[in-house]
Amino acid sequence: MDWVSIIESLFRGLIGESFIFFALAAIGLNLHFGFTGLLNFGQAVFMAAGAYGLAMMVATIGPAANRNFGWDLSESTLFWLGIFVGVIVFPVIFALVMGIPTLRLRADYLAIVTIAVAEIFRIVVRSPTPGIKKWTNSSDGLTGFSGTFYDMSPFGTQDRYLFNLFTGNQMFLVMVGWVVLAIVATICWLLIRSPWGRVLKAIREDEDAARSLGKNAYAYKMQALIIGGIFGAIGGMIRAIGFSVAQPDNFITDVTFFVWVALILGGAGKVLAPIVGASLLYGLLNFSDTFLRQGVSNDLIPDSLMTGTQVGQVRFMIMGLGLALLAAFRPQGIFGNKEEMALDDR
Amino acid sequence: MFLAAIAALMAFLSFGGPVAAQDDPAETVGGRLRAEDDAGDKIFVEGVEFTVFDVDGNEVGTATTDADGVWLVPLLTSGVYSVELNVDTLQGFELRNPENNPLTGVEVQPNTNKNTLFPLGERVIEESNSIRPIQLFVDGIKLGMIIAMCAIGLSLIYGTTGLTNFAHGEMVTLGAMIGFVFHVTWQFDFLGSWMTSLVFGAVMATVITGAIGGLFNELVWKRLRNRGASLISALVVSIGLSIFFRYIFLYQFGGRAGFYRDYRIGSQVEFFGLFTMLRKDIFIVVFGGLILVGVATGLRKTRVGKAMRAVADNRDLAESSGIDVEQVIKYVWIVGSALAGLGGVLFGLTENVNWEMGFRLLLLMFAGVTLGGLGTAYGALLGSLIAGIFIQMSTLLIPGDMKNVGALLALIIILLVRPQGLLGRPDRIG
Amino acid sequence: MTGDQFESDFKDDLIPDAGPLAGAPGDVSDMSVAISDKIVGVDSVAARAALADVAWEPGAKKPDPILIADGVVRRYGGLTAVDVEHVEVQRGVITALIGPNGAGKTTLFNLLTNFDTPDHGTRTFDGHNIDKVPAYKIANYGMVRTFQLTKALSKMTVIENMKLGGTGQKGESLWRAVLPFTWRAQETAIEQRADALLDRFKLSHMRDEFAGTMSGGQRKLLEMARALMVEPSMVMLDEPMAGVNPALTQSLLGHVTGLRDAGMTVLFVEHDMDMVQEISDWVIVMAEGRIIAEGPPASIGQNKAVVDAYLGSHHDSALDLDTEL
């Protein structure tokens, strides 16, 4: 057993780019569910909105506009435009589509609609019909949009950093990611401590009470949905930059469930908890992944029980069961307190 | 005890995969070779050899089609491959598009099976007489019936307990897989006919899923109810269980689709030149229709059925009229799950059996039930039928791979316009 | 919904005293913390006096109505829950809405507070037509309501509950929320007001506790205090005495009369006839969805229609609306 590589992958998981991706998404989901009581099971769509907003702007929409309108927008202009589209425009549109039909109804309906929208997204983006493929490149995904980002990196691309774990580009991404994470967490913290956050907490517990005091519950829920979605989109964008590709399979429903487990593990309803939850979860996943794979390849685990390719499936099984058990027995997670926890009450 | 049940389930399902679970590669490429014989019937072609090459031209594997025309080559990884049919082994048939042999640029995604198509024989210009909208309408009824059968349980569980059970789709998959195990893997053929093992498998699927549904209610949902757990946490629990079971299915059954056996697909039957149906589809529609009529009648006439509707409609009122609500809930879980299991067998018969089938259907179920009225029984039936028809007929306007999108969009629009659905009551929806 | 849920712990309840106000009814010096523009100039003594000229019949017109409902009909399925031709509520007095079970009081109450929409009819509050106004906006007009099942937000502290009630809070806007300096000053002012109200309702010692730890009676008081943060001109109380320990009753009654004496209009739905007799200035009686009688409390007991409704065999309604929330 190569413990060094196991520890390395654990460390990488705890602080690397994938963790940042999930942490941002979890903070967004925390705003949705932990603070407002919204059942958003389509966070992956918001993450995809960020990734595809940027990717499409640079790779397909931008060049098409350049051709059709005779403009000459440079890649870096498109990059910054893409950030705006991915972080603001797309998430707002998705939030409106999900929220307008459902926020006046019971919480379950949002759950259903968010899963439906996620499925619609998956089908549409992966569709091979030419009319769509030229914008999204269906299941192959889009590439070639992260150049502007890495051009800004002060780290040498060939050098390795931080115990030789990260290349120059990765280091830049991780640093930027941490800065963004800090900013987002601060914004979230400010929001929650404000009167706006107070109204959210009231709505989470009892909408009618909030209404009787003059608060427009519907508007607040929509705002929370949008902001949380924007946080998720930022996460999705960072990951897309990190992997230099925006692919539909990176944003499947299972990603949403990852985020939920991270959130509940850390404790919904506390600002920093989702960060800890995401870190722990991803570290654990990386650890178990490497550990199990090595076990299989070293024949410590017999083939009859589990093959290499089944390791991933076992992880999901554990995750699903873990989520169910957490929700049933310790819905406040590690850091939440029972009194505040939304799960305990209707 | 709960864990023992899970272990038993896994052991049982491990018999199920089309390839033994132990050596189950996650990526495969394969297909099913079909042709028309001299009588004009559709048959499968046996004994034809296929070779798979990777991007660098190295041979990765070969396979020969079996009696069902199925061939399969396991792969080590996802990626791009090419597939070649060995024409020397193709006796008595011609490739329709010989220039596509070998087929290149075959892309295999992770954890999936890639189906390839090698059409044989002349393309029959007008294979059957049908008017497309009517054909789609009939196809829609068939799909709608399957959705309806599975959705009743979902709707009634919501109506009686308030739980939106996201794990309901897994009952469908379970039913299909149980049927598969009895029919394909073990081939319990009685009286020499392959159909009997299918019937037997269907019966077993219904019984077992019903029992498991009841078991889940006792062990999980009832306990949560008694502990006063909120509906939201129960919902999240159901989602966790949904993931858990889906990946158990994937783990044990494998990633590729399994097909029920047809020695012949059976010829198409024409109906007045308006539409055609395969024999098995006729069976599905007739049988499904009978079951649904039976269920609808049962809900109207039997005591249990009436009690179910009463509790689903207004739990407190029903309780104060002396109905034992817990008992009714138990029956709802058993019957609802059993129907879902049976629906799964039919779904597997009309398409195929794979680990995700129930989850895919779940979304369509939500569309149907929301349209008809979440919490009602008749609403679920009506809404699902309409949803099925809508899905199939939407292909008149949009590409086939996106037909589910139509139903899901319709779901969103219904919530805008009439959230309680056709038969639901406005005060149930918040 | 039943009394069980509101068992207050006697020990935790407030020691009953002579009432919240320092002086006699009419002494509004203590109300300075809660006077809003909307009730300046409302003379409750004169308002009560004016009631003497009002006819004792259903739908009677009032000299200075703050709330009017016209032709309001609400049906559920095939049953008519409410069918009120005309009703007016006098400003500056305490009006009681009573009736036997299933009379439609709660439904009418919800219709008047816009937590339910009628099938037909119009409602006017303080001169504004409120038919198309969403429930939350009504508070901005000056009407606040409480709930039969007390909605003290148990996962928030008492002071947070109170601060929630403040209207026009800049910090509640999304953009300003992230810039604390834009709302700090207002927040401090709101907190001061909240503390003053808590003091008056004798809840200050629970200021930083989660509302969930309070007894049922304390929660009722909290809900009432919180409602006052809205600076309303009309307070609608939904069964305020439901499940309240008798020792607390006097205290609550005192608070309610205090509201009126400060110029607010109060309407409450009640079953407790003692409360009705003791503090209401005017009574509206419903049965089977209609208003069958109106008048001062003393007149109601003898009214034949009322007696019949409560005692008679008119309980053929399958409707039992008062069991719903």
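Per-chain residue numbering starts at 1, and chain names A, B and C are given in the order in which the chains are listed.
The rule is simple: a residue touches a chain if its C-beta (ideal position, glycine included) is under 8 Å from a C-beta of that chain, and two chains touch if they have at least 3 such contacts.
Here the structure is a predicted model, which is why all the values come from computation and not from measurement.
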Winner on C-beta contact pairs when A-C is weighed against A-B | A-B
Most central chain, judged by mean C-alpha position against the global CA mean | A
Round to the nearest whole Å and give the separation of the Cα centres of subunit B and subunit C.
-> 55
Chain-centre distance (mean CA atoms) for subunit A and subunit C, in whole Å, is 46
Mind checking the centre-to-centre distance between subunit A and subunit B? Centres are C-alpha means, answer in whole Å.
-> 30
Going by the touch rule set out above, which residues of subunit B reach two or more other chains?
-> none
Which parts of subunit A, given as residue numbers and ranges, touch two or more other chains?
-> 345
Could you check subunit C for residues that touch two or more other chains and list them?
-> none
For subunit A, which residues count as touching subunit C in their complex?
-> 187, 190-191, 193-199, 201-202, 204-206, 208-217, 223, 227, 339-340, 345
Please give the residue numbers of subunit B that touch subunit A in the complex, ascending.
-> 22-26, 107, 109-111, 164, 166, 224, 229-248, 250-251, 363, 366-367, 370, 399, 401-402, 404-405, 408-409, 411-413, 415-416, 419, 429-430
How about subunit A: which of its residues touch subunit B in the complex?
-> 37, 39, 41, 97, 100-102, 104-109, 111-113, 115-117, 119-120, 123-124, 127-129, 139, 249, 254, 257, 260, 264, 303-304, 307, 309-310, 312-314, 316-317, 319-328, 331, 342-346
Okay, in this complex, where on subunit C does subunit A touch?
-> 113, 115, 134-140, 144-147, 151, 153-156, 160, 163-165, 167, 169-174, 176-178, 180, 183, 187, 210, 212, 226-227, 229-230
